[in-house]
Amino acid sequence: MIVVMKPQSTEEMIQHMIHRVEELGLKAHVIVGTERTVIAAIGDKRNGEQEAIEACEDVEQVLPILAPYKIASLETRSEPTVVEVLDFAAGGPNIGMIAGPCSVESEEQIIGTAHQVKAAGATALRGGAFKPRTSPYSFQGMKEEGLKLLAAARDETGLAVVTEVMAPDQVDLVAQYADVLQIGARNMQNYNLLQAVGETRKAVLLKRGPAATMDEFLLAAEYILDQGNSQVMLCERGIRTFEAHTRFTLPLASVPYLHEKTHLPVIIDPSHGTGYANLVTPMAAAAVAAGCDGMIIEVHPDPAHAFSDGPQSLTPEVFAGLTAQCRKVAAAMGRQLH
Amino acid sequence: MIVVMKPQSTEEMIQHMIHRVEELGLKAHVIVGTERTVIAAIGDKRNGEQEAIEACEDVEQVLPILAPYKIASLETRSEPTVVEVLDFAAGGPNIGMIAGPCSVESEEQIIGTAHQVKAAGATALRGGAFKPRTSPYSFQGMKEEGLKLLAAARDETGLAVVTEVMAPDQVDLVAQYADVLQIGARNMQNYNLLQAVGETRKAVLLKRGPAATMDEFLLAAEYILDQGNSQVMLCERGIRTFEAHTRFTLPLASVPYLHEKTHLPVIIDPSHGTGYANLVTPMAAAAVAAGCDGMIIEVHPDPAHAFSDGPQSLTPEVFAGLTAQCRKVAAAMGRQLH
Amino acid sequence: MIVVMKPQSTEEMIQHMIHRVEELGLKAHVIVGTERTVIAAIGDKRNGEQEAIEACEDVEQVLPILAPYKIASLETRSEPTVVEVLDFAAGGPNIGMIAGPCSVESEEQIIGTAHQVKAAGATALRGGAFKPRTSPYSFQGMKEEGLKLLAAARDETGLAVVTEVMAPDQVDLVAQYADVLQIGARNMQNYNLLQAVGETRKAVLLKRGPAATMDEFLLAAEYILDQGNSQVMLCERGIRTFEAHTRFTLPLASVPYLHEKTHLPVIIDPSHGTGYANLVTPMAAAAVAAGCDGMIIEVHPDPAHAFSDGPQSLTPEVFAGLTAQCRKVAAAMGRQLH
Amino acid sequence: MIVVMKPQSTEEMIQHMIHRVEELGLKAHVIVGTERTVIAAIGDKRNGEQEAIEACEDVEQVLPILAPYKIASLETRSEPTVVEVLDFAAGGPNIGMIAGPCSVESEEQIIGTAHQVKAAGATALRGGAFKPRTSPYSFQGMKEEGLKLLAAARDETGLAVVTEVMAPDQVDLVAQYADVLQIGARNMQNYNLLQAVGETRKAVLLKRGPAATMDEFLLAAEYILDQGNSQVMLCERGIRTFEAHTRFTLPLASVPYLHEKTHLPVIIDPSHGTGYANLVTPMAAAAVAAGCDGMIIEVHPDPAHAFSDGPQSLTPEVFAGLTAQCRKVAAAMGRQLH
């Protein structure tokens, strides 16, 4: 951590700051520049020391040197983490394909869709039973009944089940039926929930919050990893920007950036990341070319009658075209859809 | 809702869309323009009809006419809601002042601060016992022990206690000690938590998420209101933008905008809204001039040794200057600090 | 255009608004909804009518139906525009590759780089002679001397020359030497400059401003097209968002979105779009998969000694790897690097 | 400047970097930390050294210590700059009020408005003769005829004339008629234009670009100052964010932030900063409370028939209320409307 003192800092202020740095368990190293004095505070602490120093009156700014996360870091583990559940795998050479409807709506809908996405090449089935909805007046999900239908779909097709859990006290229930616990974007910083899924040994799909920085995203993963659960997938699903022609802005540079910082697999969600069905296939192909380790795609047998997310859902036929396209791009990149 | 058909829509497509609109319980009214056909879908439904129409292939876009929230709307209740707890009041003519440390750290710290902020003019005490922290390695709060200290501070000073609740299963515990339940910005769309505080009859301070639109913010309030709890305060605490010289961008236009849409009181948090102590007083004065109904300010007896949020915390002396300044501006606006 | 009246509008207000709509040369069509009255204003005018209506006191909001641009629209011309200069082509089946240094620095640098990027597969050479720099203290370019070196590089290699023009009174000079006139992102809404390049018959590479909406971007192109110059390429180079781990956020969904709205070719700039050399190759591959019609890449023989943009410049060797990768992805997509 | 080396940097890499730092005219000071080696590069250069270092392969990141601007800095001049023209003054104790229509439309309109805004307390008149418009099909201004009408309004009322100049070759013409040259937000980084107005000795109102950082804004001012023109006012007019309920987001924290960094006066534009007439008065009052040195407000005798910006224009009556409100807040802050 680099502590930049205000201009005209006196020797006394500098001594005071050295003392404060040492009090925090760091070593102080003073550099006198032409216009500012700077103190390098040396040590590998990550417990709020930066904030403590910034709060000192004589400090102009504090520049962190070390990443705030540890277990998620490539410096801690240089081998890519591969998350495998049933036939689904993401990470390393594998690109895992998760597909299915936004919400579980009926037995016919979920089991029919499961067969169709499997035929097109998916190895995991998505489907919401507990649905976080912006409006209290929208359909809130089939709850446990939906979980049962998902499990039935897995029994029929062998697809791994990916479904969202919204509250700590739901974790046990959802974990009974699901293969992968999804943390939605709205809950990326719901720390009680992160700790609760960290205590299970189920794989976790952690969605990036639409205003989260990369450090915040990796620290959210760190909450899960820190509980001993190493099976975490990071899912980029778009950020909120001024752009209004797409629902969110999907920054694919997250893929190569995260691969330089972390060993965790990176999944792309082009359905939420664009919000419109017609943009999903090109962005899925682009995600593969950018090096992603998996994708999660909304597919519905009849988008115009979907209970939720119809505008961004693909029909099974269009989804089959998407996987065909992605398979070719993956081959061009020396990888393969799992 | 206005349904814009794609150019070159055939009569058959238009008939199909009229049918779909009617199927959703709305009345269809067709307008043939020079380049597009438009269907006005008439009715007051708010249950996902927009999404259902957007998912139809022949539709170019759907433009909503009605706000998605109802109970929070000024059209439902034209009188301002006044939230009153002990001596604190916000809304109508009242500007309520909430102040205190980010975290409860010790008996001495919280009771000392309580006396000081009360002397300066605050009528409510903030202080975190359960702390949502970006990093799992940061101080996570004193938990129930912190709640007890807050209650002790209220007993000594008469200040209303405002403190955060992070999970549905904590609501009962926190409600035993607190006068106002705070929902943090990270939990603005934690719907299980919103419903849980909605089931209590405690006042709620709902913070805007840093990427939330106004409609999403009001719909989050609607989740609480819809459970029968009418004592909701909306707290603007800054949004995430490209600006890096402040931690968040504090958009004070939220105050007059919200006053035109809702009867709920609007509280401003210039501490989180800027992130730097030296910007807090001017923005607090500006918030009063913009018409806010209250403020929440971080005050710590020794910011450089605060366990959290030191950089944006004021000393009690500086806070006394802030309230003096705000009192003058309030008088100029024909209002008063409560 | 849909005019939404305020709730409780009287018959008189509605009559007044009908009159105003007709005064603007549009046909008014009234729809009485359950909570609002709406007036559809029919006609194909695009001269500020929306603003005029919005300014009326009794109006709650105005929703536009038609795109504000015309010549750029796919509805005006459904065939893709192909921009061809020398061996460079972008649009339709062609993916054009533009590469070269940020700034022209010397004869050796620009001619050497030209040979190297050509060998790797580029058909156009970029290089700045007039440089818009954030700081007045930074290198401002070699000016006309730089233009002459660019022309010399074209003479030696046959590459088309792409270079920036910064002011209307520079257009004639730059057009003497350049094959493609580049409008930088900072000048996207410099309308005098847009009109000046519109008056030439040189191809134009128009960069998106980092805060421009798609409509603003297409209207900037419309300024050029409206002067009779049809050879316009749209260049997405990243937008400004809260993300700080990349210099800009590169939204590749712009590619399929623009292809649905306009016939103009879409070029991607992954160098400025990320700001870091190590992210350029994956994002270039992703851009091809997303369907772009060309790319512009910063390449410098010695990035660590570049006069500008070193951090995002590739060495010629890395650039050769990029083109190899993009060629494979293009083949997978059924297209080819030109 | 702090140079952070990549982890596992060898002694040779560090020596190489020391050499590069010295080659750039800076002194190198090495600090070996627990996980990274850091090199402090000491000196007051501001000519692109940061970029040059960042481009080196072994560097993880570079952290600047010094602000990139100099003449604009409070460290160069600690007294506030006061811009005075005729009866208008901004800076120090003065809050200057600029008001008038978006566009000059006719003699009657501009002279009538001038009388009205003067009566309400304005000391400068705004009005566009050359209009930068998003669409080529919108009204583009009365050009020189408009300038003449502005000069006539000044002759009648004594108000200083503030009007926009859009291109370097217009500067002489506009300077003949105007008292203050306005640089619009779209042209904030039009460096040829900045230099051209820097060469005059007319006061300049420089608007912040909607995606400009504070450093970029101050560097744009530096371009003008560097030409010897010291009469620069900084105008905050809102930034582009995801918020759609206002046209731009007006970040009033810019006022106290800029006052800590620069001696130049800070003007607020609540008309463009919100986009809606009903939000202008509260935000103007808030701007005064935040400590601004002036305001620029759009006022039109008949907003519903304005040629441009009608939705955000106030009637003269509403403007009179605004100045009355601001006057009271200014008094509460110990300042006065000039």
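In this document, chain identifiers A, B, C and D correspond to the written order of the chains, with residue numbering beginning at 1 in each.
The criterion applied here is as follows: a contact is a pair of C-beta atoms (placed from the backbone, for glycine too) under 8 Å apart; a residue touches a chain by one contact, two chains touch by 3 or more.
Please read all numbers here as calculations on a predicted model, not as lab measurements.
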With centres defined as the mean of Cα atoms, the chain at greatest distance from chain A is chain D
Matching B-C in over half of the residue-numbered contact pairs, the equivalent interface among B-D, C-D or A-D is A-D
Distance in whole angstrom between the CA centres of chain A and chain D is 38
Note: chain C sits from chain A at a C-alpha centroid distance in Å of 31
Dist(centroid_CA(chain A), centroid_CA(chain B)) in Å evaluates to 26
Two or more other chains are touched by the chain C residues 211, 239-242, 244
Among line, ring, star, complete and other, the chain contact graph is complete
The residues of chain D that touch chain C in their complex are 20, 46-48, 51-52, 54-57, 68-69, 132-139, 166-170, 186-187, 189-193, 209-211, 215-216, 219, 222-223, 226, 239-240, 277, 303-311, 313
Chain B partner, complex, touching residues on chain D are 211, 213-214, 239, 241-246, 249-253, 255-257, 260, 273-274, 278-279, 282-283, 285-291, 325, 328-329, 331-333
In their shared complex, chain B is touched by residues of chain C numbered 2, 4, 7, 29, 31, 33-36, 38, 40, 42-44, 63, 65-66, 75, 240-242, 244
